[in-house]
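Next, two complexes with chain A in common: one pairs it with chain B, the other with chain C.
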Partner chain A sequence: MVLIQVFLVFAIIAALVAVEAPSALSSIISLGAVGFGLSIAFLWLGAPDIAITQVVVEIVTLVILIRATIARGVTEIRGNESKTLLIGSLILFGLGSAFFANYLSDFPEFGKSAMETFSNPASQFYLKFGLDKAGGPNIVNDILLDFRAFDTLGEATVLFAAILGAITLLNRKVFVDSGEEKQ
Partner chain B sequence: MTGMSSIVKTVTRWVSPFIFAFGIYIALTGHLTPGGGFPGGVIIAGCFILLTLAYGKETTFGLFNLESSAVTDSLAALAFLCMGFLGYVFGGGFFNNFIQSGFPGTSFRLLSGGNMPIINLAIGLKVGASLFAVFAYLALFRAIEED
Partner chain C sequence: MLTYLLAFILFAVGLYSVINKRNLIKIIMGVIIMEHAVNAFLILVGYRMSGEAPIVEEGVSISEFLSTAVDPLPQALVITSIVISLGVVALMVGLAIRLYQHYGTFDITEIRKLRG
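What follows is the complex of A and B.
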């Protein structure tokens, strides 16, 4: 349990570095450190599916972001810090702290599953009938692709729409091959 | 400029088939072991990103260009949707696991879980193709300064 907290503190420090770093490249790399710390925490908490997804997405995102910053020549972060932003974030932080102070006592203990905390959780059904009805030993995929497949279809639709929008925005005539003539 | 040094190219040539096979494995056995369609697809996209970075985009686009990635993305999304409608036709409910209720395979084998491996593979191909397309558009093309 101490190791998880070590990795979480590491992730928080890396996130602070990512916010405060002067150059875009070092801030992207610290963002990768946040992801790796989180994925190790997920692994220790007993969620290998999420840990695998986190690691893999983190690597690919890191490569894409670094390559995109280098290809577009974005190295410095410019921006002005306004007082309104600071005050707004302080207000949001206070509101969040008040909310969590109220409801944190009802949460399950850190690292414990909801099944041990609540008497009759809905997820008990999936554990009992997952192997019979869906046929897979990996209960996470049973839920994602059988019991809650409609949700997964929605997720896939969101991904499809997001990538369609990104490609439509990026695929304008003003883009050329890097270092070559206009297409 | 076509890719990196010959050391990187050689290592990539040795490693990339295994990465691709590992991605397919993660996607296909998602109902047995941790993993699933999404991480498998990201690993497949990572394989093509590695090839692109090592060999340059001309070589990789000979294998898998932007048109084929768009076609793969759309076809895999359609396959996912078709599994839902087939469940409606044969099983009586949208996304009903009709293969599992009709022909339940032996548990803990690859051919179990009904239509879950098919959907996993479709999601894997979709995610891989679309992430590779995003990488290509973001990293390989550069914007001209607007006038």
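What follows is the complex of A and C.
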């Protein structure tokens, strides 16, 4: 439990460095440290599938961000901030903290999972019958590919739409034809 | 409770970056940090003290498995969310690159000035 908190604190520090560092490379690598720290925390939280997925996604995100900045000769990304926005974000942070403190007592205690707090949860059904009904020993995969396969189909659709949008945006020809490109 | 608070602080760092920074890449980073924080929070809610991964092993009885395995449902949904966040990040970076080619800067205030 202390180990999990240590990795979460590590992720917070890495996130602060990523947000504040002026150099593009150190900023992007710190963002990678957030993801990798959390992925180790996921391992300790009993979620190996998520740890693996997180590592793969983190590497691809790193490559995409470096492609957007350093490969284009942008080595400094200073986020000059304004005073008024700082005050606004402080007010927002205060409101968020008040909200969090207000509903803190309604959270299930840490270490007591949501499926123990509520009566007749869906998770118990999956754990009990996952091996017999879906045939796989890994219950997370049973849920993804059998019990909630339509959810995964929707995920694939969203992913396809997002990648299609990115390809269309990065396709130079489309913008040249419509006269948008000014180079 | 402290563990939930740490996930909340991570979310707040991302929100600060999105609201306060003027650089498009920093804003995208803030969105990524917020996604990480929400995923971590959902996994924390599903955790059970000294719990094991929800994988059935040979020779373990079903009642023993039910009393040790962590909640598998948040994990399944978070995997979906992680993969979708990758697609969304690719879309955001595509938009940022297109804006950079058009205006020659990542600064959002400069981009607003140069409109027209």
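We take it that the second predicted complex is superposed on the first by the 162 of 183 C-alpha atoms of A that agree within 3 Å, B and C clash if a C-alpha of one lies under 4 Å from a C-alpha of the other, contacts with A are read in each partner's own complex, and residues count from 1 in each chain.
Rule of thumb we're sticking to: a contact is a pair of C-beta atoms (placed from the backbone, for glycine too) under 8 Å apart; a residue touches a chain by one contact, two chains touch by 3 or more.
Not measured: the values here are computed from a predicted model.
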{"item": "Residue contacts on chain A - larger count, chain B or chain C", "value": "C"}
{"item": "Touched partner set for A:49, first chain B, second chain C, both or neither", "value": "both"}
{"item": "Which superposed partner A:170 touches (first chain B, second chain C, both, neither)", "value": "both"}
{"item": "Which of chain B and chain C A:140 touches, first, second, both or neither", "value": "both"}
{"item": "Partner chain in contact with A:64 - chain B first, chain C second, else both or neither", "value": "both"}
{"item": "Partner chain in contact with A:149 - chain B first, chain C second, else both or neither", "value": "first"}
{"item": "First, second, both or neither for A:4, with chain B first and chain C second", "value": "second"}
{"item": "Which of chain B and chain C A:112 touches, first, second, both or neither", "value": "second"}
{"item": "Touched partner set for A:95, first chain B, second chain C, both or neither", "value": "neither"}
{"item": "Partner chain in contact with A:159 - chain B first, chain C second, else both or neither", "value": "both"}
{"item": "Touching both chain C and chain B, counted on chain A across the two superposed complexes", "value": "48-49, 53, 57, 60, 64, 67-68, 72, 131, 137-138, 140, 144, 152, 159, 163, 166-167, 170, 175, 182"}
{"item": "Residues on chain A engaged by chain B in the complex (per definition of touch)", "value": "48-49, 51-53, 56-57, 59-60, 63-64, 67-68, 71-72, 131, 133-138, 140-142, 144-146, 149-150, 152-153, 156-157, 159-160, 163, 166-167, 170-171, 174-179, 182"}
{"item": "Chain A to chain C touching residues, read off their complex", "value": "1, 4-5, 8-9, 11-12, 15-16, 18-19, 24, 27-28, 31, 34-35, 38, 41-42, 45-50, 53-54, 57, 60-61, 64-65, 67-69, 72, 74, 77-82, 85-86, 88-89, 92-93, 96, 100, 104, 107-116, 121-124, 126-128, 130-131, 137-140, 143-144, 148, 151-152, 155, 158-159, 161-163, 165-167, 169-170, 175, 180-183"}
{"item": "Touching residues (chain side chain B, partner chain A) in the complex", "value": "1, 26, 30-36, 38-39, 42-43, 45-46, 49, 53, 73, 77, 80-81, 84, 94-95, 97, 100, 104-105, 107-108, 112-116, 119-120, 123, 126-127, 130-131, 133-135, 137-144, 146"}
{"item": "Residues of chain C touching chain A in the complex", "value": "1-10, 12-17, 19-23, 25-26, 28-30, 32-33, 36, 39-40, 43-49, 51-57, 62, 65-66, 69-80, 82-91, 93-98, 100-102, 106-107"}
